[in-house]
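Take a look at these structures.
Note that subunit A is present in both complexes that follow, paired respectively with subunit B and with subunit C.
Presenting the complex of A and B:
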């Protein structure tokens, strides 16, 4: 009793000044906005009136975002990028889940394929690019293939793990209720593996974004990655910074979209684990 | 044959079979024209040119250049990620202040920084690939550091305070033992990311290292050499991962997760 009072007293004395801030709602919001605001202001202040080629004024960067991306290069670069990304990513998810389920259900197949999958996964995904360029060229199709080829591994390997860790008892129960193999997979095994599959899909999303950009930096004529590198090559430093910011925003939106979709689709899972509403 | 021995021989034979089947497929397919032989040489030629590179001693310089960049990137990432992560994990004020910048920077595809890095560091020096690797490697380590310090047992913390342990003693006996397993995981994740990004920087921009060798052999049309180098990069990734796992086992020999593994139990 005495001990705990000493402890908590010490902690209270320690945290009074800042403690008030973290407890009130407004205080929390102020704290969260403090550093971002300071950083943006610092950037604006240090770059204001700058004539350095490496450090363009923030107002120029924002101006270049507005003139380049709203909406000049929107249809010609942003949309093609996102279309290739979407096609490649969903191809990876489809193939990854299908192959991963098959491998996860057949232990012998898993043993036979594991050294190969482990090795292919260890190859840095950007080095898939030279391979695909050499075999398929540099068109839209080859970019979609690069994205899919890189993003498929995290989905596949996580699906394998997820399928293997599905509760045996549930599967046996489904079998004794007379569910056929296909219905067992759709109604028992895939839902059981889905938490792990979504982990793989989230990793795959990051890989797919990276490959979307990289594939446009090598031998391309449009796309986000092409535009930023092109801006740098034509000595448009404000455009370079602007393009990077646009890519960052695209990354944020894609990630946020994934989280929203995941929260909706996996709602039943969090409900079943008592994780909803706090 | 008993079930046990059959399982044991399967555990060895099946992976071997898998490797042999894949190698044979990629050996035969280009030879019979299923894959274009011009751009996809048979695996024997690929391994042949890899062996040539090793024999000529031309593989070691780029590997050392790549590993050098990777090591420096990891060093910079650790210096940034561990203190910032600890601040976020240990203090509510720290967590709230740093949350938005970190959450904004994390989803930026790191390769998008390449043009800005060319602008800042020029396309030749290794600063570019080091900065790229360090940026990507910072985040996994940062989050692991923040989880690690948040995991410190409050009772142990209060006990340490009640006994009046000095800062260094607290670090040695309280903070470090709790954080190490988290940091080990963070290092492993970050190491993989850093290696990928260093090689990417080399390949896209032409900074000296394994990635640039791939680029040069690609532009020269030396495809079997190009594939050999890609395989070498994959082996390097595997080696780094295995090496870090071994290091983790050594450093964390005392930790329950490793002790359970040594005794053959799953943790």
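Presenting the complex of A and C:
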């Protein structure tokens, strides 16, 4: 405790020296850390010495995370989960953007496909799981397909909308300067649709994470989802809590990575809307 | 490369645009709406022609037909002897709305070189052309900024630089200075004159500003209310180089201006059948730019004289 107080005091002092902007940023970070810290402390305080099966001491939970995930199940469960997630998600993004662009550009294709896309997107993604298991089995490939099948819709539908809403004048400009269809797509239509595409990718990311876990809870022998379910079934409540926390941390990191990449790639968008701070 | 600056570039094209009996009808609702009817025009090589007309007449529609962005219903457009069916290589466009015609995801040099990439100009030449044309519009040093980091006037300069780097023999401008403030507008007009004189391009400029048209043009084409046809072609013999102050002080300038103004005014009241509408085409930046944007889109359906502001310029 003493250490952390000195640390934050030093940060605060430094912030003052570096001027208002930095100080407000430090202030923001402190504010954001306040509630999580309080919750963890409350959890630690209320659970200490607990003998209840449903409410294991936080120290036990942390102990199980340390023994299970650092690094016993890291290679056997965490890495396979992430590989399946990555493959499924990027498959969804690739197919979603490619198909969405075509559908967005071709009104007739859009009319022809919309009944099907509207139907399939209305199916709750976890429901795809039994169907895919029936058709593709329970291997890694079928899990990748489940993730991709769920995450593709937000990407695809947002791409269609984004492509359709690209400014006609901008496209006219490109045509007047002799840009062919491919160049128009690469340099004008996709960047023009990219704000909407990233919205779809963000929704797709959440769907992909959910499906990664669910696909591992059904017919699986490894993975994050499998471990949590396994711990619960073996009455290992600390392990169950630990698995949930690890999944939460994975989700946090994946989302943060996405936001960092988005902020860099879409800098022009915030800039052109006057939203850049600095 | 140095000779490009002097405007002595060898250009096989002369920049002659021949518009022959062009009509354009839109299929909207029950009966087709005739936006332009039987427009016939021909540019002299290297001339600066300005087209004015009452608001809502098919100026933008005409420009889209001329530039090959949209096929005419009847008639034909020839550019240096070839029929225009798609945007020709040596024709460059400058749009009114720079914020939509420049790509915000590319820096200025990226915007300027994109058409050159499509035209297959080698990288080294692209960079050089971009540098020279940006220099000629006074944007040297801004190459790596993004459009949204520049002022409106500078963005329109960048759009002009993009058009110039494309090495056109004709430059088409659609109300290019309607979205900038008066001072910037005067600067950009003089920039255009400067570029036109040095590069010896043919320039076709659509505007709703009569002063601008008379100040810039060698000939002013007055369009009728819709369905649009050529009402009158007014030669402008004012001496060059022109100057914002001395040229506009000349009695001949006032005379020409009045003549064009009267022509348009008669047209917009006659065409609309509502005498009170008056000269809706007279400079009124906001309504003018709104009409300009809507041109060729929705407002084509009826002549837009509803703004009805008979505003004198003085």
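The rule is simple: the second predicted complex is superposed on the first by the 242 of 278 C-alpha atoms of A that agree within 3 Å, B and C clash if a C-alpha of one lies under 4 Å from a C-alpha of the other, contacts with A are read in each partner's own complex, and residues count from 1 in each chain.
As a working rule, a residue touches a chain if its C-beta (ideal position, glycine included) is under 8 Å from a C-beta of that chain, and two chains touch if they have at least 3 such contacts.
Note that this is a predicted model, so its numbers are computed, not measured.
By the touch criterion defined above, A:179 lies against subunit C but remains apart from subunit B after alignment on the C-alpha atoms of chain A. In the superposed pair of complexes, A:114 makes contact with subunit B only, with no contact to subunit C. In the superposition on chain A, A:62 contacts neither subunit B nor subunit C. In the overlay built on the shared chain, the residue A:268 is in contact with subunit C alone; subunit B does not reach it.
When subunit A is checked against subunit B and against subunit C, the one touching more of its residues turns out to be B. Within the superposed three-chain model, A:82 lies out of touch with both subunit B and subunit C [touch as defined at top].
In the superposition on chain A, A:191 makes contact with subunit C only, while subunit B stays out of contact range. In the superposed pair of complexes, A:169 makes contact with subunit C only, with no contact to subunit B.
In the superposition on chain A, the residues of subunit A contacted by subunit B and by subunit C do not overlap at all. Interface residues of subunit C, counted against subunit A in their complex, comprise 64, 67-69, 86-87, 89, 91-93, 95, 97, 100-101, 103-106, 114-115, 117-119, 146-149, 162, 166.
Within the complex, the subunit A residues that touch subunit B are 3, 6-7, 10, 18, 21-22, 28, 31-36, 39, 53-54, 108, 111-116, 118-120, 122-127, 129-131, 133-135, 206, 209-210, 212-214, 217-218, 224-225, 228-229, 231-232, 237, 240-241, 243-244, 247-248, 251-252, 254-255. Of all the residues in subunit A, the ones that touch subunit C in their complex are 167, 169-170, 172-173, 175-180, 183, 187-188, 191, 194, 268-269, 271-272, 274. Touching subunit A in their complex are the following residues of subunit B: 10-11, 14-15, 17-19, 21-22, 35-36, 39-40, 92-93, 96-101, 104-105, 107-116, 118-120, 158, 161-162, 195-196, 199-200, 203-204, 211, 214-215, 218, 223, 226-227, 230-231, 233-235, 237-238, 241.
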